[in-house]
Every structure is written in structure tokens, then in C-alpha cells.
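Heads up, there are several structures right after this.
Two complexes, one shared chain (chain A), two partners (chain B, chain C).
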Partner chain A sequence: MYKAIIIGGSAGSFQVVTRILSSLHKDFPLPVLLSLHRLKHIRSGFVEALSLKSSIPVKEPGDKDHIRPGIAYLAPSNYHMLIELGSRFALSTAAPVNHSRPSIDLSFFSAAQAYREKLIGIILSGANRDGAQGLERVASLGGKTIVQDPDECQVPVMPKESLKLTGVDHILNSSQIIEFLKKINRNALD
Partner chain B sequence: MARFNLGITDVRKITGALTEKGYPDFAGYALMSLKLSLEKIISNHGFKESGAMVSRIYSDDNFTDSLIDELSVETTEMFRDPSMWRLLRERIFPGIFGTGDKIKFWLPGSVSSEDLVSLIILLKESDLTTRSAIILTSLSGKSLDNIASGVFRSSKMEVSEANYTKFQGKGELSEYMVKEGGKFFWNKNLFSEVTFSLGKSHLEASATCVNCIIFRDKMIYMNLTLSNKMLDVICRSLSGGGYFIIGSGESLTHTLFDKHFSQVDQNEKIYQKIR
Partner chain C sequence: MTKTVSDQDYRLFVNTVKRVSEYDLSDYSDKSLKRRIAKVLSDNKTDIHKLISDINSNTDYLEKIIRGVTVNTTELFRDPKAWHDIRYKVLPELASLPTINIWHAGCSTGQEVYSMLILLNETGLLDKARVLATDINSNVLETAGSGIYKYRFNRGYLDNFDRVIRRNPLNYEEFRDVPYSKYFTIDKDSDTLTIKPFLLEKPVYKKHDLVSCNNFIPGKFDLIICRNVIIYFNYSLQNRIFNFFYQNLHPGGSLVLGMHESISGPMSERFIKSGHAYSKPVKYFGKMI
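Our next item is the complex of A and B:
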């Protein structure tokens, strides 16, 4: 069974992430790792905004915090969020990638290594190519890959760049992504 | 093109070579960050595989020093987390400088100048320069040379100026710089109270009776074992009641040293050693 879900998003992804978080069961069985581009200088506010409608707790992990199921973890501002072996987070102040810190690629690289075929990687709306290489790594290490249907995206560049590099498993609109995740929930509870 | 993917065994071979060359710390570095930086460095240097890098570590000391500099991956900015620097100025400094003694600062494991120069500017604007002594240590000669040269990357200017404004500095950041040959440099006289020191391990204690240690976003690169060893060194170097500052994403929660410190403020990662 799967062990984690990682979601990358940028411009135009906030509403989709909010919808996903609000429709998950409150006992969702996996951790949801959110690597979303965000303003560098504003340390607070984003978690609170995502928490408003989320049915599971949303947190910004500290370095070396344990990764627990049923929690959405948002990459903190001005750090890269990496997944260490042994189900812990590691933060990094390495140079921005594609002008971004947090970088979706780096989160996906490390999650792919840590969870391999037990990871679901999802790329949502966004305006640059961050995430494309990351999703490719998820695929090459055996994980499941999903991109938001570019036709539905407010800004389709990120999903399109991902589709160029990776023959993804699914191209889904946001309602279908939600259905997909709900199915995981049902399977895990059965 | 897909990015180079380094196996965990390859990472271990590289840290093994570094240990044999006298740099033992990297074996205790957090694996994912280390792997990602090594992948980037291997690509940048045009190595086809990790074995070529291992040979080079054994045969070329200049390369190894430069590798240590590159591996210390952090890129920060002036006055990162301006509220932390304001707290230092408004709440911490009045206390530690209250006694009239000379106050000792230590910045271990430095790879760039931003925290150093932020501290120096803070001290200068508070009229405390001559009452302070700053020790800066680094694992890499190249990093030390860079820091001491005072060079400041113009790509960091915008964010640094924005941070300085939020810090509510007294003047303009540019007043502390000169432009030479298209590059920005910090005024040389800013470094007059700084001692620069080179060591091969973070665990070589460089200072005793220190009043304040700034070690921001360094333990994120260490595993818990190395973090605990480092905290032991830090604990022994700090005077009773001394301050210890780490990055906003770090904490002492998972370490063995949580009980030796109290957090001064809920939002900023400034700790005080319990006497």
C-alpha cells in the first residue's frame, strides 16, 4: 500500500489544494506532503489559510520532525522541505531551484528516494518548470504519478512541463484527483 | 534530461574518503541534503560517476577544500528573519552588555558572511563594536577567504535590503559597502573585531566562555548523532546564561540537550543556557 502523497503546486494551485484538503476523510491514512511555492518573507499565514477548510491538521514541519499519517505538512517559507530515510523531515537552505525555495523538485527527489513505489506524486497548476524533474524521479523509482489536467489549470505550464518528461499514470481534473484520493482512503479502511 | 541520481552507497564512499582525508563530520551529515548537493556538484564538475570524485578527493587537496566549501550548501541573506535580529537588539543585548564586560560571539561552521555582517552591523548601530569580540570558524579555507574578502553577491541585494528595512536598521545597507570592479564588498573596517579560524571538524571547540553562539541552519545538515555531539561542544563553550541562536526551522526538541536550554521567545529560536 502507499505510504505518502506529495503534492507540488504554484500559481493557481491554492484553491485546488484547499479543495483536496477539505474533501479528505478526517482519518486519512497517509501523510500529505505539500511543496507549494510561497512568498519568501512571510513566515506565517499560509498554514492558517489552508487549515480553515481542511479536514485534517495542517502543519509546517520543523527539521527532524517525525512524519505522521493523517497530517498535511506544508513546506515552510524560505526552506526546502526534504524527506529523510526513517520518516523524518529535513529542511535545507540550499540555493533556490528554478528561483524557488521551497523547491518542488527537491521535495519530490527526496520523497521518491524515501518511499519509492509507495509514493503518489501529484503536480498541480503552476507557472514554471519546477516539479517536472521531481515527478520524473517519482516515476523512475516506481511511484504513482498524477498531473492536474492542463485544460483545467489556471496556469498550465507546470503540468505541461511534467508531461514532457514523464509518461504519467493519470491526467486528472481536481474532482477526479479528489475521487482518486478518496478511493485510497476506502481501500485503507477496508 | 533527467538529473543524475546518486546511490546511498556512493554517498557513503565519498564521506568515507573525506573522513580519511581528515574531515570526519560529513559521515554524520543528514543523508538527503548531502545526496542532493553531491549530485549537483558531480554534475557541475562534469564527473561521469562518483568514483571519479572519490579519486580526486584522495589526490587533490585543493579540490577537496573547494568541495567542502561547495558541500556547505546553505545560501542565506542579510538579516534573514528580521524579527529575530530585532529581538536581539531590543531584548537580548541590553542584558548581556549590561555588565560592562567584553562580550564574546562565536559563529561556528560558517560558509558565508551574511550572519556575521548582520551581527556586525547590529553591534555597530548599537554602538557596541568595541565591546565585542567575534570568532568565526569554518571547515574550508576557500569559504574563509571568501568571507574575509567581504564580497557580497549582488543577487542577494534586493532581499537583503528588504530584510534590513524590516529589521529597522538605522541607515541604508549600501552605506556599509563599496563597489569595486563591478562587485560589491563590505567595508573592510567592519571586520576589525573578527578572528577567522580554520578547522577540519565542527567538533574542535574554538572558544570558551562565549556569551552568544550563532549557529543558524547548520544542524539541518547534520544527523541527530552529529547534532548531539555538536551541541555538547556548544554547551561547553557557552558561559552560564549564554545565548544560542539557531534557524527558524530548527529546534532542540529532538536532541539530548533540550533540558540544558530555555527558549527566550516563542517565535524566535533564541535559547539561553540554563545556569
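Our next item is the complex of A and C:
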């Protein structure tokens, strides 16, 4: 049984994330970790925008906060969001990686190590290669890997870069991603 | 991408550092530290076993490695909202004191020290302030003391100066025409942004390892600024450091943490939280620990 979902996205991912969050069951049994690039100067209001449609609470985690199921955690602007053993967040202001802070790779690395085969990693639309190595790590530690179908992406670079590095488990459009996540809910409730 | 460090090698490294120096990395947040070690290995073109053997025998090298594994990113007026709290909530509480003793714990290259001094000057409190700034890394303290920064790298943060110093979050119509030249000498040709001498002379910089919780100066503080430092420590060390800060604050004094840091453990009931600041009550009525 899975313990967490991590989603990486950049340009063109906001609407997809919104759709995913709005279609989850309100008792969704896993934490949803969101490592999304955002514009440096639009730092506030992102949580509020995602919350508007989300069926589960959306928050920016504080450092060392416990990770709880049924909550979507958005990496705070200008921080890296890492997962520590013991199910706590650790934030970092270390230098940007590939010009990105939060770095999707770093979030995925630490989540892969913490949850191993119990993690689902999803890479959505985006304009750079951040996340590709992270998703590869999820795969190599036994987790499930999904990329958004490049044909559906507003900006397909990020999923394509992931596909170069990793033989991903599923290439899905956003409706199929939602179906996939809904199945988790049904399995957990059974 | 850099190689990963195994748990076993990680512990070996931490134990070696502890044995051969006064540094104790065992309660650092392991995710960040592991990655920093991997980066140091790749930057120094070495492997973990050679690194461990080298720090055993060479103190200067050990210092270099410690500097490498600790994070020293900082910005002018990082997170303007937190600086609004300092300006409009914290400083008014301290304004009536004859002297305001301020400690920047983990000051890195000093951008927050000068941000604070600019704010003190704008609020007429600069003359009263006594400022100590400490860090584990002696190199960053040298940069902090020089007050010379790369202009291109810091230029983006001048937006934050505008938001904290020029604008008033309570009144968007207000605009204070404070020129950058009041506080900085900017030379685009040499790519430098230099802090003006009247601010430079103010802070005292001193090497101090916060993790040791060693009391290093007599006297207490009215304001402790420690932002984005404790995120690199695990939960139990964070609580030890909150206690250390508590002991080093005057009653009525305040502790300011980073935007996403908070006191959630056993020390939380000793402080009163107000926005991004924690104040030490003038009188504590609970049971003494």
C-alpha cells in the first residue's frame, strides 16, 4: 500500500494540479507533496488559489512539521522542501539547483528515500529538466512513476526529459491520472 | 548529479568530526547534511573514506569541510512580511529601552545584519543598538565584516528593500523616497554593492557554533534574530537551541525566526507568539523547568 504521492510541475502545471486536487476524495488516505516552480515575484496567494478548488486542505509546511495523510503540502516559495525519515518536513534555503528553489529533484530524492516502494511520483508539464533525475530515483528505489502525457502538456519538456531517463510505469493524461488516484482511494477504503 | 552518501558513511563522517573537533553534526537535519557532504565530495574531488582520513589529520582541512557542509545563503530583507513584523510589532516594543541589544545568530555573510541596521536607522533606533553577529563559518564573517557584495547577485533583493523601507504595508499610497545611496555604494563596473561605513562600524562579528549552546558573552539580548538556521537541525536540537535562546533573552525580549520556522516543542509554552516573533514574557507564571 502506498504512503505518499509527490507531484512535480512547472510551467503549465497549475491547472492540472488544480484538477487533481479538486477531484480527490475528501478522505484521501495519503499526503500529497507538491513541488512546483513558481514565479519569484508571485510568492503569496498560491496556496489560496489551489485551496479554492481542492477537496483536501492545502498548506505550506513549516519546517519539521509532521506529514499527515489527506493534506496537500505545497513547497514554500524560495525554499527546498525535503522529507526526513520519521515523516517530518525539512526545509532548506540552500542554493537553487538547476536555477530552481524549490528543486523538484531534491524533493523527489528525499521522498524516494523516505518512502521507497511506497511512493508514487508524478511529473507534470514544465519547461525544464528539473524532476527528471528525481523521478529516476523514485523508480530505482521501487516507487511507482507517472508522467503526464507530453501530447497533453502545455509545455512538454519536463515529462520528455523524465522519459529519457526513466522507463516510467505510466504515461497518462490528466483524466487518467485522476482515475489512477481515485483507485487508491477505493483500495484504501475496501 | 553528485553521488549519494550511504547511511553508514554518513555516520562515520559525523562521528569522526565529533571525535577530532569541537563540532557536533549529529543532530543536523540528515537530509540536508547528506546532500551537502555529497557536494563537498564532488567539489573536492575526493571520496568519503579519503575525506574522513584527511579530516583526522588536518585541522585546516576539517575547517574547510565544515564550511562546505554548512549552508550560507542569505538575502537582503528576505521575506518582507517578516520584516514588516519586525518593523511594526517588534521594534516598537523595544523602542523605549536605553540600549537595544541584538544578536544575529547564524548571520552568514551579513545581509540580514545590515537589513536590520537599515531598519533601525529608519526608525531612529540605530544609536541605541548594540549588535552582535555570530556564525560557525569564519569565512562568511569576513565577508560580513567587509560589507562588500556582488551587485548583480543582490540586485534582485532591492525589491525587498522597496517593500520594507519605501512602502508601508498598512498604507499602499505611502511612498518614502529613501534612495539606495543612503545605505549602499553601488558600482556596476566592478559589480559591487558596498554597505556604507556608518553601518559597517556597528556590528561586532564573532565566530560561534550555535549547536554547542556555549554561553559566549556576558549579558543578555533584547532581540535575537535567527532566521533559516535551525531548519538545518533536527527537532530535538531545535528545542535545545530554543531553550538556549530563552536563557539569553531579557524578559520582554523577542526571538525572530524564519518564515517557515516555529517553536512547536516543549519550549513553545515559554514564549508568546506574535506574527513571526516570539517574545519572552516579562514574568513567567508556569512551573519552572
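The working rule: the second predicted complex is superposed on the first by the 187 of 190 C-alpha atoms of A that agree within 3 Å, B and C clash if a C-alpha of one lies under 4 Å from a C-alpha of the other, contacts with A are read in each partner's own complex, and residues count from 1 in each chain.
Just so we're on the same page, a contact is a pair of C-beta atoms (placed from the backbone, for glycine too) under 8 Å apart; a residue touches a chain by one contact, two chains touch by 3 or more.
Values in this document were obtained by computation on a predicted structure and should not be read as measured data.
**Q** Put chain B and chain C onto chain A via the superposition and say whether they clash or fit.
**A** In the arrangement built by aligning on chain A, the partners chain C and chain B clash.
**Q** Please indicate which partner A:160 is in contact with in the superposed arrangement: first for chain B, second for chain C, both, or neither.
**A** neither
**Q** Which partner chains sit in contact with A:90 here, chain B, chain C, both or neither? Use first/second/both/neither.
**A** Both partners, chain B and chain C.
**Q** Going by the contact rule set out at the top, does A:140 touch chain B (first), chain C (second), both, or neither?
**A** So A:140 only meets chain B here.
**Q** By the touch definition at the top of the document, which applies to A:62: first (chain B), second (chain C), both, or neither?
**A** Both chain B and chain C are touched by A:62.
**Q** Which residues of chain A are in contact with chain B in one complex and with chain C in the other?
**A** Shared contact residues on chain A (touching chain B in one complex, chain C in the other): 40-41, 62-65, 76, 78-79, 82-85, 90-95, 106, 109-110, 113, 133.
**Q** Can you list the residues on chain B that touch chain A in the complex?
**A** Touching chain A from chain B are residues 2-3, 5, 30-33, 35-37, 73-76, 80-81, 159, 162-163, 166, 217, 219-221, 224, 227, 247-251, 253-254.
**Q** Given the complex with chain B, which residues does chain A contribute to the contact?
**A** Within the complex, chain A touches chain B at residues 40-41, 43, 62-65, 76, 78-79, 82-85, 90-96, 106, 109-110, 113-114, 133, 136-137, 140, 165.
**Q** Of all residues in chain A, which touch chain C in the complex?
**A** By the definition above, chain A touches chain C via 40-41, 44, 60-65, 76, 78-79, 82-85, 88, 90-95, 105-106, 109-110, 113, 133.
**Q** Under the stated contact criterion, what part of chain C meets chain A in this complex?
**A** Answer in residue numbers: 1, 29-32, 35-36, 71, 73-74, 78-79, 81, 156, 159, 228, 230-232, 234-235, 238, 258-262, 264.
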